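For reference, the structure discussed in these notes is given below.
Every chain is named by a letter (A, B, C, D, E and F) in the order it is written, and numbering of its residues begins at 1.
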Amino acid sequence: MRVRVINPNTTASMTATIGACAQSVAGPDLVVDAVSPAFGPESLESHVDEALAVPGVLARIAEGEAEGVDGYVIACFGDPGLLAARELAAGPVVGIAEAAMRAASYLGRRFSVVTTVDRAVGGIEELALAYGMERQCAGVHATGIPVVELETDPRARAKVLELSRVALAADRSDVIVLGCAGMAEFAAWLSGELGVPVVDGVAAATTTVAGLLAQGLGTGKAGEFATPTPKAHAGRLADVELPWVAA
Amino acid sequence: MRVRVINPNTTASMTATIGACAQSVAGPDLVVDAVSPAFGPESLESHVDEALAVPGVLARIAEGEAEGVDGYVIACFGDPGLLAARELAAGPVVGIAEAAMRAASYLGRRFSVVTTVDRAVGGIEELALAYGMERQCAGVHATGIPVVELETDPRARAKVLELSRVALAADRSDVIVLGCAGMAEFAAWLSGELGVPVVDGVAAATTTVAGLLAQGLGTGKAGEFATPTPKAHAGRLADVELPWVAA
Amino acid sequence: MRVRVINPNTTASMTATIGACAQSVAGPDLVVDAVSPAFGPESLESHVDEALAVPGVLARIAEGEAEGVDGYVIACFGDPGLLAARELAAGPVVGIAEAAMRAASYLGRRFSVVTTVDRAVGGIEELALAYGMERQCAGVHATGIPVVELETDPRARAKVLELSRVALAADRSDVIVLGCAGMAEFAAWLSGELGVPVVDGVAAATTTVAGLLAQGLGTGKAGEFATPTPKAHAGRLADVELPWVAA
Amino acid sequence: MRVRVINPNTTASMTATIGACAQSVAGPDLVVDAVSPAFGPESLESHVDEALAVPGVLARIAEGEAEGVDGYVIACFGDPGLLAARELAAGPVVGIAEAAMRAASYLGRRFSVVTTVDRAVGGIEELALAYGMERQCAGVHATGIPVVELETDPRARAKVLELSRVALAADRSDVIVLGCAGMAEFAAWLSGELGVPVVDGVAAATTTVAGLLAQGLGTGKAGEFATPTPKAHAGRLADVELPWVAA
Amino acid sequence: MRVRVINPNTTASMTATIGACAQSVAGPDLVVDAVSPAFGPESLESHVDEALAVPGVLARIAEGEAEGVDGYVIACFGDPGLLAARELAAGPVVGIAEAAMRAASYLGRRFSVVTTVDRAVGGIEELALAYGMERQCAGVHATGIPVVELETDPRARAKVLELSRVALAADRSDVIVLGCAGMAEFAAWLSGELGVPVVDGVAAATTTVAGLLAQGLGTGKAGEFATPTPKAHAGRLADVELPWVAA
Amino acid sequence: MRVRVINPNTTASMTATIGACAQSVAGPDLVVDAVSPAFGPESLESHVDEALAVPGVLARIAEGEAEGVDGYVIACFGDPGLLAARELAAGPVVGIAEAAMRAASYLGRRFSVVTTVDRAVGGIEELALAYGMERQCAGVHATGIPVVELETDPRARAKVLELSRVALAADRSDVIVLGCAGMAEFAAWLSGELGVPVVDGVAAATTTVAGLLAQGLGTGKAGEFATPTPKAHAGRLADVELPWVAA
């Protein structure tokens, strides 16, 4: 079985780390690869960033379908393009936010999300509601660390640890959910420090896709998520001018 | 004051109709123009369609900002790109689904949405939840008419009328909400036939933007919706290959 | 078009201020007048106050209907008598709490309400739930300033400013909603001080009524809000003895 | 202990029936009286009817306080004036809708409300939400029988029976709640016919008040429901002109 | 009428206290007895404790049915075995958590629960949700006092008082609910100290059962709660080995 | 890794089938065994049945802990004893209802549950609420087939198929969830007939436990789910007399 993990941002080092985390929880029968879009921001920290990443994510799904990939992970905690990806793919597609939240819900009464920048908090709360996790998700907390600095800031781990302690106490939570794919490597260490389960969405989504494949399950195709039929489009993607990108 | 109405699909006749509907409710002091993206599907009927329309919608917002446009309407009932558009614009941005639902909530206990294709229903229900309208929105009903056929199918009006009657009875609703910008022209006629208020989101969103401008109000910029700072992007939009579009 | 703004309390200076605020956001085609009931408390700060104000509010609606008024605003943040008013009026009736909350929902993820006395908080939270705003309304905060002292207490503005700052931080909100018609004049100044949008319900409701009228929309009359038919009543209003008022 | 049951409408025969039903479930130590307001509609079937009944209901509470009444029942299924009554009374005040719904919640998973006119349905659903009963209340069904015809229409009982059967099946409910004080006498007979518990709110509220009194419990007076202090009022109730009543 | 109060734990002194509290609110016509299971933990402070207490609770219901008992109270704030008990009993069965929460909902906008150990909090929150009390229940607070020490720790009352003050302020509540049957004796004293109503579930449930009996109401038996028919069982209860109990 | 699947009922043939279904989705590294309690009903179809099965389920967990079992599945769609089991086990414990509902939530907008007897419906709806699945779970439908007849009634499959078709249409669902462990064998066949994904909870829970183990995750032990310390118990399980079982 082949699972493709799509990192919606275009920072190659992060894609590599995400791929390694996914592979580490995959059984011997699962082939995992990790890719980035052909175009997109180096990190996703705003609704605009997400919107621009999605076409490239969908193109990677389309490629995967041509190559016979069996399932997909979308490895950004905003789950960008998830519903559209489910339309395009024959097999299961899982976002790391939904998988992490659902995994956490097996491990305790409530969980706290620890994420990167303040402006990501609202979108994560909206996802929790859409996934039915609004009661289990007791709080979303931002460290203020930009995504790309998770790899470069030597204090990043200490900040995540400190905020996790604050979150567990303030939210009376049983579990920490890491709110960014870029934190995937922190999970085991952080769990050891805190003494509570720490869920990394990349691992959670990878095992979820593997589990769905083992059950022979994929997205229902009889309704909302049927593969769209080809349709006329005006213009070309290249015609779209994005001045804040070009600058 | 200048308000730009963005039709996320690329069917020019529909853009013209939408613009006319918006202008018809704008006061003499409001200049309304209506535009489409430089790239995108001829109609939005799937999550994939929405995802591909959004970059072009955002580009139209960016153009508007450069031209001094005061506020924006996103004129597709899925409100595609709404949160990202709010990041880019200094003034208010209103989607027609949210505006229509909120307008309907002033007019009765419950409303029913009548829309185009079956596969759009789930997304509209998700919007209702995100907007806090899940109790007021008593049902979402699909006529089965594709978006582009609203203009060409001679039975379209009759089908919308018939389904509205079914919806009012089944949902015990006070109001009909038209669940597609392409139905904007039907509102007055339909209300006459049914004897209940019929809300067209294009008109509702235009008057909402006008009202927010009259109050000097725009999106809060101190947090989640602050204008994003420029950021490195890898690749170009043109690098993204969309096989289902090229075909 | 004529819009009547009804201040449910009987403090004339407040009625005048409310009328001016409403007029300031009305376009040139809208005639706004502001009235108070013939009987009622000088301010509404309890459920008893609201109950006694409502008959007089409804009488003003009935007068308006006889005079050909097109739409109405109920200008107290408890929206007293709103549903009954919708039964009596042919055109739209909008309460300032609902209009302010819905306006705020276009401007950010969450808003905070800043109001007068502690005992008003519960009722506002109940309205937020009834309007589907329970998730967007992140907190309701009381300054402790009685309604009539908003006009006379020289520290009123400073207190509102201070509490708004507390509310924005505690609730992680994007927007402040002023929770009393008597604060209508504070909005522009407060927004300047805080750097976030501040919504005054009087302005929000006035522009909402104007927008609904521009769309030709009024309350649905086919069900719950049909105009009641005349009915036998025993006694006269004058027979009702209210010892806590007479005292 | 003395409990006053206030019938908010002014139909004397209904007040008598309500009083008898309340007395029938009161223990020997409880003195029950039943009263109507000095002014108000003969039945409450609209929001306007409720609004006009409330001042007279509150006056009856004030009288009761002067007479040393220990607790109160508000005997109309809209619970009109309930929160204001709690401000005025030292002891407990219970509405028949809330008491009936809460009683039903002890008796099964879900209940169905069977009420009088269609236009009452929306208000009952709003109460269910306010009381946290929105999931237990599986449906609200209207017989179409006006309140005053419950006593005079020979087919009233048969219609209530028939609709109850429909409701039990459609809602998969365990319990019927009678949605009008005027149906109080039907409960035992109806339960026998249906084979399920049938809750009459008058009885439910009377036993609830008795139970709260036995526990020494009354409304919390430290916050929202503190007794209001006297306050200046402009005008007199008699100044309010209600053309639809005078007619 | 006979009401049996079942203390699910096996601490005899607590059973006696609970019985006395129940009797103190029962009218002269109500015979109350209090019993414990033949097997079970000395206190219920975990999900395991609850699970082991339930068979013995159900056996006491079955005995009561044979003896002609009319109604039952389950006197532990987790309401263990409540739904199963309703299947077995012909008359009403009420849990003290549900009765206390519903009683509190008549007395104010919001209530706070003060309970024993931290690990009980999650279960109480789950009950609040199941009962539709999730909005009225503004907080659940643990004193850290184990159940059996409520009777022996001389500081227990002071701790409950102190935490109640914290809870009222933090939750902006009107009412305290005692979250353990072992606190039943504290209610009157605590209410005097705090100046707010304090609800003891034992008293609340006893008066609720009495009230339901006065109305002739019991659990609906036409569906989910029909008395189960006898069914084959493998093994005997004695075959179940509970090493953590035997140790 | 070793996973124990506990069938809470005592029908041995069903335990065997469940074990085979679990093994079929387990990878080569996972050792699965399937057990029943030493005491309990032959099927779980009531709250009483569940209550009596739980002590034996917990005993099997305790045995597993002594034997070094790594994770557990509770294989009855009521998830009986789940929270208590999490207290006792060091590793993850997953119920088939929660796992099936969460698996289904990855595969579409909404799912329908098809189960056995009518009286099971209410409990499943309560689980959906507790798990945050109340919006995704669009309906719970009972075939009327008793659990033990799933294996013996030759029409069982046809009935499940027919009801699934009804459910998909009535609920506008994308996915069927099988609401009984005894239906585990039907999944693949049923999916082929219906053309939509069909989720069997036994398979879903087994892959979920496997996935959690691959991530090194187990129940958080710092709060509500900490292993209970030994505690005094009065009596012995054998002292509990269950007349409806003995009969």
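One rule holds in what follows: contacts are C-beta pairs under 8 Å (C-beta built on N, C-alpha and C of every residue); 3 or more make two chains touch, one makes a residue touch a chain.
Please read all numbers here as calculations on a predicted model, not as lab measurements.
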item	value
Other chains in touch with both chain C and chain D	B, E
Mutual neighbours - chains that touch chain C and chain F alike	A, B, D, E
Number of hops, chain A to chain D, where each hop joins two touching chains	2
Maximum centroid distance from chain A, chain identifier (CA atoms)	D
Centroid spacing, where centroids are CA-atom means, of chain A and chain F in whole angstrom	29
CA centroid of chain D to CA centroid of chain F, Å	44
Set of chain C residues in contact with two or more other chains	109, 121-122, 126, 129, 135, 172, 223-225
Contacting chain pairs - touch in the sense defined above	A-B, A-C, A-E, A-F, B-C, B-D, B-F, C-D, C-E, D-E, D-F, E-F
Chain D to chain B touching residues, read off their complex	121-122, 125-126, 129
Of chain E, residues touching chain D in the complex	25-29, 92, 94, 98, 102-103, 105-109, 131-136, 168, 172, 174-175, 188, 191, 195-197, 199-200, 203-204, 207-208, 210-212, 214-225
Of chain C, residues touching chain D in the complex	10, 36-43, 45-52, 54-56, 58-59, 62-63, 66, 81, 83-84, 86-88, 118-119, 121-123, 126, 129-130, 223-226, 228, 230-245, 247
Complex contacts: residues of chain D adjacent to chain F	109-110, 135, 172
